[in-house]
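Below are two complexes that have chain A in common, paired first with chain B and then with chain C.
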Partner chain A sequence: MTGPASELILFQVGPRTFAAVVHDAIRIGSVRDVPPEELVLETALGTPSACARGIVVASHDEAVELTLVVDQVLGTRSVPEEQVQPLPAFAAACLTSGAVTGFVLLDGDPLLLVDLPTLVRERATAVPA
Partner chain B sequence: MAEPKEAQQPEAGAQPAPEAWFFCLRLLGGRYAFEAPLVTEVVRLGPLTRLPAAPAFLPGVFTHRGEVLPVLDVAQLVGQGSVTLRPSTRAAIVHCGPWKVAVVSDSVEGLVAIPRRQLEPPPAESSGVAEFLSAVGRDRAGAVAILDLPRLVETARARAVPAGSGSA
Partner chain C sequence: MSTRDPFDLPQKPKARAAAPRAAARKRNTAVGADAARIAVVLRGFAEGNYDGRVDPDAIDDPGLRAIAEAVNGAASAVVEDLRQAHQRVQIVTAGIDEAIEAMIRLVIQGDLSGSLRAGSTDTALTPLIAGIGQVMETLKKFVTETREAALQLSTSSAEVLAAATQNESSTSAQASAIHETTATMEELKGASHQIAENAQMVAAIAEQTLSGAKQGEGAIKAFMGSMEKVRHNAVEVDDAIAKLSKRVERIGTVVEVIDEIADRSDLLALNAALEGAKAGEAGRGFSIVAAEMRRLAENVLESTKEIKNLITEIREATHAAKEASDGNKREASEGEKLGGNAMASVSGILSGIQETSDAARVIHLATQQQRTATEQVVQSMSEIEEVTRQAQAGSKQATGAASELTKLAERLAELVKRFKIE
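For the complex of A and B:
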């Protein structure tokens, strides 16, 4: 790989795998010691079943840290930027969530690329803590 | 789909009426078509990736030649069922203004030519698919309902709740 690359974190919510920019994740850890009001369980991606891991995400104003609960963190991948595509315009105009921003083509299959700060912000807006 | 009036035959010695080309597919138990120049190609869907927080008429996206394309299910949009999606399902890739979508159907018939003067106004209904008809016509295979596809796609976009303006 010689061109510019995107560093992505891969994680699972339910049976599906998603990708996000590594930079958006502050840290990854257990959810056991996180106060309930800082946990984000239900999002546009669905509800995790195992709730095994948490991805700590800074909100847009960076004043609050929220923990996105996921079933599994699969690791990170360095992906050539040409394999990252924006959401098709029509799909972007129709989705009720702004958190899905595009796709990563891994082994030819499109994997949803998620904007973590937007995802946790949408949840925070919908369900006041 | 309402039956149109019997097609008129050209008078003896008259110039043949200019024909309009439409792209025809089978949907909702009938034959539907739209302006042929809107279609760029017909492809098989392949594996579909579902989108979270998507309306029912947008069942997912698929990859075609490295490009991710959204799928539009017209049957879902008009509230009259849904197209059964399989990897073998064929889709017509269309350009409607700024939007590029893959319209799925039960089967694809292909190009049909209908003399423009034989096109008639659609039935005066304002519900279901009738809302999006621009004309009805007839060819050798029978009646064809002509969809105003750009209006249909734009209506789909308008009916979806855009991100940030609805509940998550």
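For the complex of A and C:
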């Protein structure tokens, strides 16, 4: 890889794999170590079944950390930027969530690129703590 | 006393005179001739001829003449007496013939009711007639007694015939019964023989059964020993399983720790990779190390997962082994109980078989004695049958004789009836 690249974190919710930029994640932790009120289970990505990992994400005010519960964190990948595409306007209009910002082609398969702070914010807005 | 011939006259002496002697000789010669004639007549008398007579006129000697006359008179008297006697004899003989004829006629006619009437009244016949009367009376009594006896004989012979017939029938029935009894005893003899053989066989079988039951008792004891060993082994297996289960649980705990550590390592590696990625090109090496660490952690997690699976399988197997061991203990305890029950049953069977064997032996002995007794009874029955056969033959003969006796009695009664006594 010679050109600029995007560092992405890959994770699974249910049977699907999603991608997010590494800077959206503060750290990766264990779900059992997090108080329940800081966990985000149901999102626009779906509901995880194994609930094995939690991706700690800073909320909108930066003072509060929320943990997105996922089934598995697959790791980080460095992807050339040309493989990262913004979401088409039509697709963005069809989606109810603003957390999906684009998609990335990884090994030929398109993965949705998710904005984690937006995702947990939508959750926090939908369900008051 | 000497006898003297009356015609032997004394001789005179020769000396008296010769002439007279001649005259005397002449006279003597005449006397001698007369005497001879008298002697001839007397010899005829002596021979039963009383027809001869002596002419007295032809006899010179007076003495001889008197003798001749006396001889003639005596002869006439004798002839008269003989005539009278002969006449009387004829009368008596006719009376006797008449009496005998009358008696014979009465006897032939069988009429003894009347008395004999003789035509002659000669007193000489009186004893005869009286004797014949007595004979008739005696005969009448005899006939009367004979008639009564014949009647009694007929009655008795009829009774004897009936008794003989009954006896013959009874003897025949007895012979038949004895024959059937003998046949039955023969069958009983065979049956006794068969029973004796069967009893002997039963005794032998009982002995074999006793031996087998004793072997069974030994086998049950060995079985109970094996059951005890099985139960003991099951207890040991149970202890081993419990220890194994504890070890497995301990392994599970360790695996959980390892898994936790691996999970923490994976999480740490993920965060390291995340930080490396955030650092950009500067954190590339760090990210590579973190990725490698994460693979190791994932390998450990994969291994611990397999170990957990194995532990789960071991737990299931241990649980199954525990249940099997508990089952073995229960089965062993049940087997011991069953063995105890079987031992008690076999002990009872042994006792019963022993009693059966003793009883069979006693039965065998008893049946042998019975067979011997039956053979003796059969022999006795054969002898009784032979005696009964002889008695039957004798009874038939007695019946025949009684029948003949009855006929004879009837014949005698018929004959006696011919005599009329009243």
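The rule is simple: the second predicted complex is superposed on the first by the 129 of 129 C-alpha atoms of A that agree within 3 Å, B and C clash if a C-alpha of one lies under 4 Å from a C-alpha of the other, contacts with A are read in each partner's own complex, and residues count from 1 in each chain.
As a convention for this text, a contact is a pair of C-beta atoms (placed from the backbone, for glycine too) under 8 Å apart; a residue touches a chain by one contact, two chains touch by 3 or more.
Please read these numbers as outputs of a predicted model, since none were measured by experiment.
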- With both structures lined up on chain A, is it a clash or a fit for chain B and chain C? fit
- Thinking of the overlay built on chain A, is A:17 touched by chain B (first), by chain C (second), by both, or by neither? neither
- Task: Using the superposition on chain A described above, determine whether A:76 touches chain B (first), chain C (second), both, or neither.
- Result: second
- Now for A:27: first (chain B), second (chain C), both, or neither, which partner does it touch? second
- Regarding the shared-chain residue A:59, is it in contact with chain B (first), chain C (second), both, or neither? neither
- Item | Partner chain in contact with A:9 - chain B first, chain C second, else both or neither | second
- Message: After the superposition on A, what does A:94 contact: first (chain B), second (chain C), both or neither?
- Response: first
- Winner on chain A touched-residue count between chain B and chain C: chain B
- Across the superposed arrangement, the tightest C-alpha approach of chain B to chain C, in Å, is 25
- The residues of chain C that touch chain A in their complex are 263-264, 267, 270-271, 273-274, 276-278, 280, 287, 291, 294
- Query: What does chain A use to touch chain B in their complex?
  - Reply: 43-46, 85, 87-100, 103, 105, 108-110, 112, 122-123, 125-126
- Message: Which stretch or stretches of chain B touch chain A in the complex?
- Response: 47, 49, 51-55, 58, 61-63, 66-70, 72, 98-101, 153, 156-157, 160-164, 166-168
- What part of chain A is in contact with chain C in the complex they form? 7-9, 22-23, 25, 27-30, 53, 73, 75-76, 78
